[in-house]
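Labels run A, B, C, D, E and F following the written order; every chain starts at residue 1.
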Amino acid sequence: MSLFGRGSPTSSGGVNHERIEMAVNEIDMVSDVFNRIVSSCHSKCISPRYAEGDLNKGESVCIDRCVAKFFEVNKKVGEKMQSAGANAQATGASTFSL
Amino acid sequence: MDFSQFNSAEQAHMTKIIEKKQMQDFLRLYSGLVERCFNTCCNDFTSKALSSKEEQCVLNCSDKFLKHSERVGQRFAELNAEAMGPPKP
Amino acid sequence: MSLFGRGSPTSSGGVNHERIEMAVNEIDMVSDVFNRIVSSCHSKCISPRYAEGDLNKGESVCIDRCVAKFFEVNKKVGEKMQSAGANAQATGASTFSL
Amino acid sequence: MDFSQFNSAEQAHMTKIIEKKQMQDFLRLYSGLVERCFNTCCNDFTSKALSSKEEQCVLNCSDKFLKHSERVGQRFAELNAEAMGPPKP
Amino acid sequence: MSLFGRGSPTSSGGVNHERIEMAVNEIDMVSDVFNRIVSSCHSKCISPRYAEGDLNKGESVCIDRCVAKFFEVNKKVGEKMQSAGANAQATGASTFSL
Amino acid sequence: MDFSQFNSAEQAHMTKIIEKKQMQDFLRLYSGLVERCFNTCCNDFTSKALSSKEEQCVLNCSDKFLKHSERVGQRFAELNAEAMGPPKP
């Protein structure tokens, strides 16, 4: 789940702000993905009848597979994006001009 | 995530940021849960009081949602650790 | 709609940053809940036909009950979470490691 | 919300934060309204121009949405005040 | 897509923080609108069958019209809000009290 | 957007803010794409492995999504420039 290289450890002693910012980006990304998995796999696996509060066997197994499959999709898309990445970023850039 | 290359000042900084982010994530989880269980369980607006049937549904729904996100969290942590590779010796 | 205790008023004169941060968290939370109520009760109460721009009687009454019921649900879930809170937070914590 | 225990520096700080948050909320309300009314009212893409029927729908939809969120705001403020309990004497 | 007047250029040399904040608000707004258009027009125009990775002719034309129509709706609503703006903002304000 | 009235310190500040915002937008686009293509393409949870049919669907879906958002970006930029009016001479 890492799109970013680690910055080279040039600074010592103080705080390397660029490195912090990249780490924060990575944390935001992981957290965003986690929340999307919670939501997607809830829709895919949890029956909305709510007759009881426990996960049943079928739901539990479904969750495990759902999370694994989401990771697979994330990986496939990540590989695709890494080649197409420059374009996509350029598209975003076209929204603003300075 | 691996912050082993960070110096101690950076690690301290990250710890504070992560704590703040966790609090925000928890709050978002909470209000997302309320929204989801409300939308699923409450469909009768002839009264403003929660019927006992609606209340039971909400309690089961939030129970299940918490267990669901806990299980997702476990699988997520495992798969994330795998993706990051084995820790350096 | 308060999950947080008020920090004890230890600091005087300057700005107690922890207290500010808790207040900001509370504001973010209230604002988030408000936006979710607007959205949920719009789906529950407003007919998507849009033949006129005013709320009719039925829609108005529905909104009042819908907001009240959302508060009830929020309260019930809050009570439940306060006991289970520690667990849930620990789950979130497992996403990151330092 | 009750900030009566805050000192004046803290209150000033909170006022600025709240003002900023309100602006952001207003903008999110605005673009959420546009999105919602567009999605509900516009379903014909054989032309890029808004038909008079679509335009009327959008105007009614945004009218209604504003009145809706105003009413939700009123109920919300009342219930929130209730939940906070009576102000200290 | 501009709801904000430009602040009068009173400050010179340093950074006018109010002006920056208004610009950031405007950027956030434009970016938010852009993301909503991407999502709405995807739902309106892209068939979820995914037999191929290219946009077909019909989808392409639909996207162009969809974006244009979204701008039209944004403009109509903006005009409406500018008159009703004060009210709406007051509503938001009622959520918090200091 | 027109920042021509900004002084150089303000322009430098805005450049940094915009770069940060673009990175965040790119990340949100990315995870939104994954979510959307997962939800559309994956409906069989009798196995945790991606079937070849699902994989093809995901690849086409993300291809199409990127082309879609690129095209929206082009139209958006044109219409935004139009709405801002011609640049001052």
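The rule is short, and it goes like this: a contact is a pair of C-beta atoms (placed from the backbone, for glycine too) under 8 Å apart; a residue touches a chain by one contact, two chains touch by 3 or more.
All values reported here derive from a predicted model rather than from experimental measurement.
Visitor: Using the touch definition from the top, how many steps at minimum link chain B to chain F?
Guide: 2
Visitor: Between chain B and chain D, how many degrees of rotation does a Cα superposition need? Round to steps of 5.
Guide: 120
Visitor: Could you tell me which chain lies farthest from chain C when each chain's centre is the average position of its Cα atoms?
Guide: So the farthest one, by centre of C-alpha atoms, is F.
Visitor: Compute the centre of every chain as the mean of its C-alpha atoms, then state which one is farthest from the centre of chain D.
Guide: Ranked by distance of C-alpha centres from chain D, the top chain is A.
Visitor: Quick check: how many Å separate the C-alpha centres of chain C and chain F?
Guide: 29
Visitor: Mind checking the centre-to-centre distance between chain C and chain E? Centres are C-alpha means, answer in whole Å.
Guide: Between these chains, centre-to-centre, one finds 25 Å.
Visitor: What whole-Å value do you get for the distance between chain C and chain D if each is reduced to the mean of its CA atoms?
Guide: Distance between chain centres, rounded to whole Å: 14 Å.
Visitor: Going through chain F residue by residue, note those that touch at least 2 other chains and give them in order.
Guide: 1, 3, 14, 18, 25, 28-29, 41, 59, 63, 69, 73, 76, 80
Visitor: Residues touching two or more other chains, restricted to chain C: which are they?
Guide: Answer for chain C, listing residues that touch two or more other chains: 27-28, 30-31, 34, 39, 45, 64, 68, 95-96.
Visitor: Which positions of chain B touch chain C when the two form their complex?
Guide: 1, 3, 11, 14-15, 18, 20, 22-35, 37-39, 41-43, 45-50, 54-55, 58-59, 62-63, 66, 69-70, 73-74, 76-77, 80
Visitor: Spell out the part of chain C that touches chain B in their complex, as residue ranges.
Guide: It comes out as residues 3, 21, 25, 28-29, 32-33, 36, 39-40, 43-45, 61-62, 64-66, 68-70, 72-74, 76-78, 80-81, 84, 87-89, 91-98.
Visitor: Chain D touches which residues of chain C in the complex?
Guide: Contacts found on chain C: 1-2, 6, 9, 12-16, 19-20, 23-24, 26-28, 30-31, 34-35, 37-39, 41-42, 45-46, 48, 50-55, 59-60, 63-64, 67-68, 71, 75.
Visitor: Spell out the residues on chain B that touch chain A in their complex, using ranges where they run on.
Guide: Interface residues on the chain B side: 1, 3, 5-7, 9-10, 13-14, 17-18, 21, 25, 28-29, 32, 36, 40-41, 56-57, 59-61, 63-65, 67-69, 71-73, 75-76, 79-80, 83-84.
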